[in-house]
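Let me begin by presenting the structure, written as structure tokens, before commenting on it.
In order of appearance the chains are A, B, C and D, and numbering begins at 1 in each one.
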Amino acid sequence: MSDKLGIGVIGVGTIGSVHTDAYAKVEAAEVVALCDIKPDRLEEKGRQHGIETLYKNYHDLLADPSVQAVSVCVPNALHAPISVDAFRAGKDVMLEKPMAMNQQEAMQICQARDAAGKVLQLGMVLRQHANSQVVKDLVSNGHLGEIYHMRVVRVRRRGIPGLGGWFTTKDQSGGGALIDIAVHSFDLALWLSEYWQPTAVSATTYAKFGPLMEDYHYTGMWAGPPDYDGVFDVDDYATGSVRFGRQATMSFEVAWAANTAEESFVELLGDKAGVRIGDSGPVKLTGELDGRLSDTSVQFATQDGFQIEMQRFVEAALGRGEPAATGEQGVVIMKLLDAIYQSSAEAREVTIS
Amino acid sequence: MSDKLGIGVIGVGTIGSVHTDAYAKVEAAEVVALCDIKPDRLEEKGRQHGIETLYKNYHDLLADPSVQAVSVCVPNALHAPISVDAFRAGKDVMLEKPMAMNQQEAMQICQARDAAGKVLQLGMVLRQHANSQVVKDLVSNGHLGEIYHMRVVRVRRRGIPGLGGWFTTKDQSGGGALIDIAVHSFDLALWLSEYWQPTAVSATTYAKFGPLMEDYHYTGMWAGPPDYDGVFDVDDYATGSVRFGRQATMSFEVAWAANTAEESFVELLGDKAGVRIGDSGPVKLTGELDGRLSDTSVQFATQDGFQIEMQRFVEAALGRGEPAATGEQGVVIMKLLDAIYQSSAEAREVTIS
Amino acid sequence: MSDKLGIGVIGVGTIGSVHTDAYAKVEAAEVVALCDIKPDRLEEKGRQHGIETLYKNYHDLLADPSVQAVSVCVPNALHAPISVDAFRAGKDVMLEKPMAMNQQEAMQICQARDAAGKVLQLGMVLRQHANSQVVKDLVSNGHLGEIYHMRVVRVRRRGIPGLGGWFTTKDQSGGGALIDIAVHSFDLALWLSEYWQPTAVSATTYAKFGPLMEDYHYTGMWAGPPDYDGVFDVDDYATGSVRFGRQATMSFEVAWAANTAEESFVELLGDKAGVRIGDSGPVKLTGELDGRLSDTSVQFATQDGFQIEMQRFVEAALGRGEPAATGEQGVVIMKLLDAIYQSSAEAREVTIS
Amino acid sequence: MSDKLGIGVIGVGTIGSVHTDAYAKVEAAEVVALCDIKPDRLEEKGRQHGIETLYKNYHDLLADPSVQAVSVCVPNALHAPISVDAFRAGKDVMLEKPMAMNQQEAMQICQARDAAGKVLQLGMVLRQHANSQVVKDLVSNGHLGEIYHMRVVRVRRRGIPGLGGWFTTKDQSGGGALIDIAVHSFDLALWLSEYWQPTAVSATTYAKFGPLMEDYHYTGMWAGPPDYDGVFDVDDYATGSVRFGRQATMSFEVAWAANTAEESFVELLGDKAGVRIGDSGPVKLTGELDGRLSDTSVQFATQDGFQIEMQRFVEAALGRGEPAATGEQGVVIMKLLDAIYQSSAEAREVTIS
């Protein structure tokens, strides 16, 4: 038996493979088992990653004593049940985003973690991108002054994933564009603010493209191809305003599909400077230098976010550090998402306790 | 006495001169008198425009029988009193934006108009720009399909007008960036939607730059220079979400000053196409052609918005047409502004009746 | 013996390898044999593609009963002899461009095809590029109105292939830039027009760079390196005007080498809109929308042109479809090329019957 | 009576005013009289230019002894009659482009000039632009080597002048886009080649936009507005190939209106380098430097082409120099235009003697 932390990856679709590849670059860990309910995919990925222990049922993987920690890379509806079972089996858990279907499930995961005394880390990989780290430093070093407003824009023109599949079926996903991609931006914004607590949200979600499946035209589809006999009962656009007490606000525009140019950024407005973080490119600081308006573009070396994420999870599991993204932070995001969906359903602002 | 409609311009600052120049291009009208409380400016503008009848007191202008209609180009606090007096004197009124300090005043103006049986037109000049007309046609011709969301962005980096003067003194202006520049964008968005009725708004305003007058650095100032002994008690940033029943939403970001790149547009999202109207340049339609994603840039001849505005006012005053922007529409905008300020003050969503 | 259509590839230079790779993606076919006169290259390509049956003499490949169809990827002078032999041997033929050395040879190929009752498809791969398909749809859907003029520009600055080799030796190639690269653009233009018949051409060809081999400076050479002891007796520039009766015209500028910026497009001018197809990027439609000048950029998913080409050839060979480019269309192109060379030689317009 | 050369300007539309302004910058000349058949325009231009002697009939101007030379700035159909009369009256003639309606008229003008022994200069102002002079030097200094092909592109998207007016009425203009704007490019190209003699042309002209006057959409119109009761019986597009013996060729695409992007240049292809002259911007030389491909952008000071043109005409009239553009050169251009129109009408190449 190896000295390394034994990892089991549950769910070996695209993101499960990404985790597996990332662990391969972490000295102190080794992926020892894979699990997937689709036998063909399981065998193919086993060959591809050179891993021989393959489970069709995740309970069998959890019973394997060579597995000390698991990555959970399955559809959203299974995040809570599998994570809870994993904690009960005494494993540390690296859990992909979104944390769960809703706040209640997210809290159950935290409770299971606490009962087991194990480590939970969430898959908020954007934090580990080099530009996010640059902005974190800019904020910490006081360059922005007091931040009072954050703009979240994550808008795709035609980017519904797996139309008609689990992504677009509420029972399996918990929601659409909001729960799938807004979580990344929300977490990034809140992480940069030292996790302000949202107190109210007024929001609206729409479904203008997905429901008319046959009329949906696209140039490429993640997690595709479309299943025209499948279901689309989630949101493809969401917009709203979030309050953080009287301290600050956040506006958001999020789309899987919209008739507009693609745009994706988190922008922080401070009274000394503002900064916009796109998906790539240099960080742009808009402020002043010696009393003159100035724009500063900050360069940096790129880094492998998933590698750092897995490194930090392994360190935490080995008792040498804190998880990169905590369950408590995930609960805040899930609370916010629940409130957004409620606000849209009731067409009124909703208070978040 | 001329056959032409005699116009009196009240207030001959920058915008008053613009009106005067625009009337000069309108065949059926003639500016016969100017009025301003600053004698030097009044004389200078009289010479410049070649107008000999000059009044220091607007009551004297209203008593002049050669004046049949007036343009009101004065600080916001005087919009309602002067307009009401003008109607009582039997004049038609061309009233600059914003309509008034609040909804109540706006309704008083409409009542005075009705009592006098005269014409009121508001200075919503953006509607007369060629690109707005192009978009109006695109909407009317059905190219956008059903519009469900509008994005209003009108963000200046350092654009506070007359820091410390009437623009930044709430008693005289009624508010800051919101009442000064958001009105243009709101009116444009609502006009394009055939004036949907806002039903609720959740918004927040900030004042992060104006209050620290001495620390405010800029490269140019409209209506300047700053008066450091003056007052700044208004907003310089505003953001929020507006509901139009369950039909549609509008988000907005408006700034006189913010640490971000300048950006100004109204964007309409429809289920067939979307369109973004900037301050200049071709209109960009984002949609599909025969089932393929397509971007269409529409060209047009530029036109003189103020000339068209005055032309339409004169036509309406002569009984040959409808005003280009009505008092009722102005009341809707003022209702919305009141609700935004209230929502910010009470840190909660406000319902608009 | 496999159920799949057995393919033999004759000539395994660059383009022969491209065909072999493309067949590998076609379910219903399998490359069973390769042929080349250069033994080293043949063995290397056999290893690379995993094909064990290798022939040095194409007659041996044609005698192989496991070969039902062939791809002909050899110098131009061998196109007709090998294709005719292939048909006589009862094979279907996928023939690279240009069809032959001249119209007479092209017609002999068609006759052999008819005598054998087999399938002939020409290698006009540009038709299978996604942007060509988009433009084909635009034309079919009437967006261009009546097309009256086509501009063909395919101009390289320094792009002579294999200087001194078979490409630049008239006995082996039939000609230079015109027969090598203009054929692609001419076929694309004619295919988009539903194959208008050219009736006259006034053209001139030049050879300004190739003949002075030692003075020819370049940054890269396709099919290189230069053979300074070889021959250059073909054209490196061609220009002219083509008539299609009184209906329409086509102008062309084609260069292997010229002192000008690289440029490559086919442009169609219609009375409703025009469209320019470059080698990549979105398709740009220049026209009107509701009476206003507009530019429309149409997006599309890229596709593998060679895969589609081989798919269509295999389908045709299996009796399930028509060839993607017919011999009759190739004859039209060869007629046009013959006329261009004659027009240049006689310095006068030539009528095409 | 002044020592200066007395100039009479016949026709004071836009171009007549341009001539008058240009003469004002020429020391040795003075405009002493204007002539126009439109009394209002004549008086307005007289005031504008400060010239008191105004004639409604050009015969009266020609009879005025203070007039020694004339500028002829009238519709094309009047070029020959007025120029011939001017020579008979003993005046030097500065004649706007195109020289005449056809070659025959052009030769009559030359004969009248010779009979009178006076000076004729044509209005080929593009030659006097700084970028043309730069290219002339590049050619003279041998930088291009042997020039073998010239490309003329002068394509407007919607640029028909005075739709329905004299420009579009063949009886008054002699033709459309070709005679109006191609003449500039043709003269420039031929002037740079030391006036090669065209020997044959194969060309086609079209009229796709002008005839449907009401459907013609534009953003601005030179010499407008449209006269929908007027005539459009000329070409709005022309394309073709010109031979200069066996030495060289010229291709051209010329449009008043076409569904394509605006583009305007003359390009010379030489065996050492090529050069493209646009309407503005630096001259770009595409060639080699020490055996490496190089692009060279040549800068220059701008200059007032019309001033230089009038300066040269006045110098020639005063016997101190040669005219900047001769009648013989104009005859070559008119021969070429006649042949292009004939080639299009007969749908065949036409030989030019």
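Rule of thumb we're sticking to: a residue touches a chain if its C-beta (ideal position, glycine included) is under 8 Å from a C-beta of that chain, and two chains touch if they have at least 3 such contacts.
Owing to the predicted nature of the structure, the values given are computational and were not obtained by experimental measurement.
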| item | value |
| --- | --- |
| Chains touching both chain B and chain D | C |
| Repeat of the C-D interface, chosen from B-D, A-B or B-C (over half of contact pairs identical by residue number) | A-B |
| Centre-of-Cα separation between chain C and chain B, whole angstrom | 61 |
| Chain A and chain D, separation of their C-alpha mean positions in angstrom | 67 |
| Interchain centroid distance [CA atoms averaged], chain A/chain B, Å | 43 |
| For chain A paired with chain C, centre-to-centre distance based on mean C-alpha positions, whole Å | 49 |
| Junction residues of chain A - those touching two or more other chains | 218-219 |
| Overall pattern in which the protein chains touch one another (line/ring/star/complete/other) | other |
| Chain pairs in mutual contact under the definition given at the outset | A-B, A-C, B-C, B-D, C-D |
| Chain D - residues contacting chain B, complex | 219-220 |
| Contact set on chain A toward chain B in their complex | 144, 146, 148-149, 151, 157-158, 200, 202-204, 206, 208-209, 217-219, 237, 239-241, 243, 245-246, 249, 251, 253, 258-261, 267, 269-274, 276, 286-288, 291-293, 347-349 |
| Contact footprint of chain C on chain B as seen in their complex | 134, 137-138, 141, 143, 285, 289-290, 292-300 |
| In the complex, chain C residues that touch chain A | 299-301 |
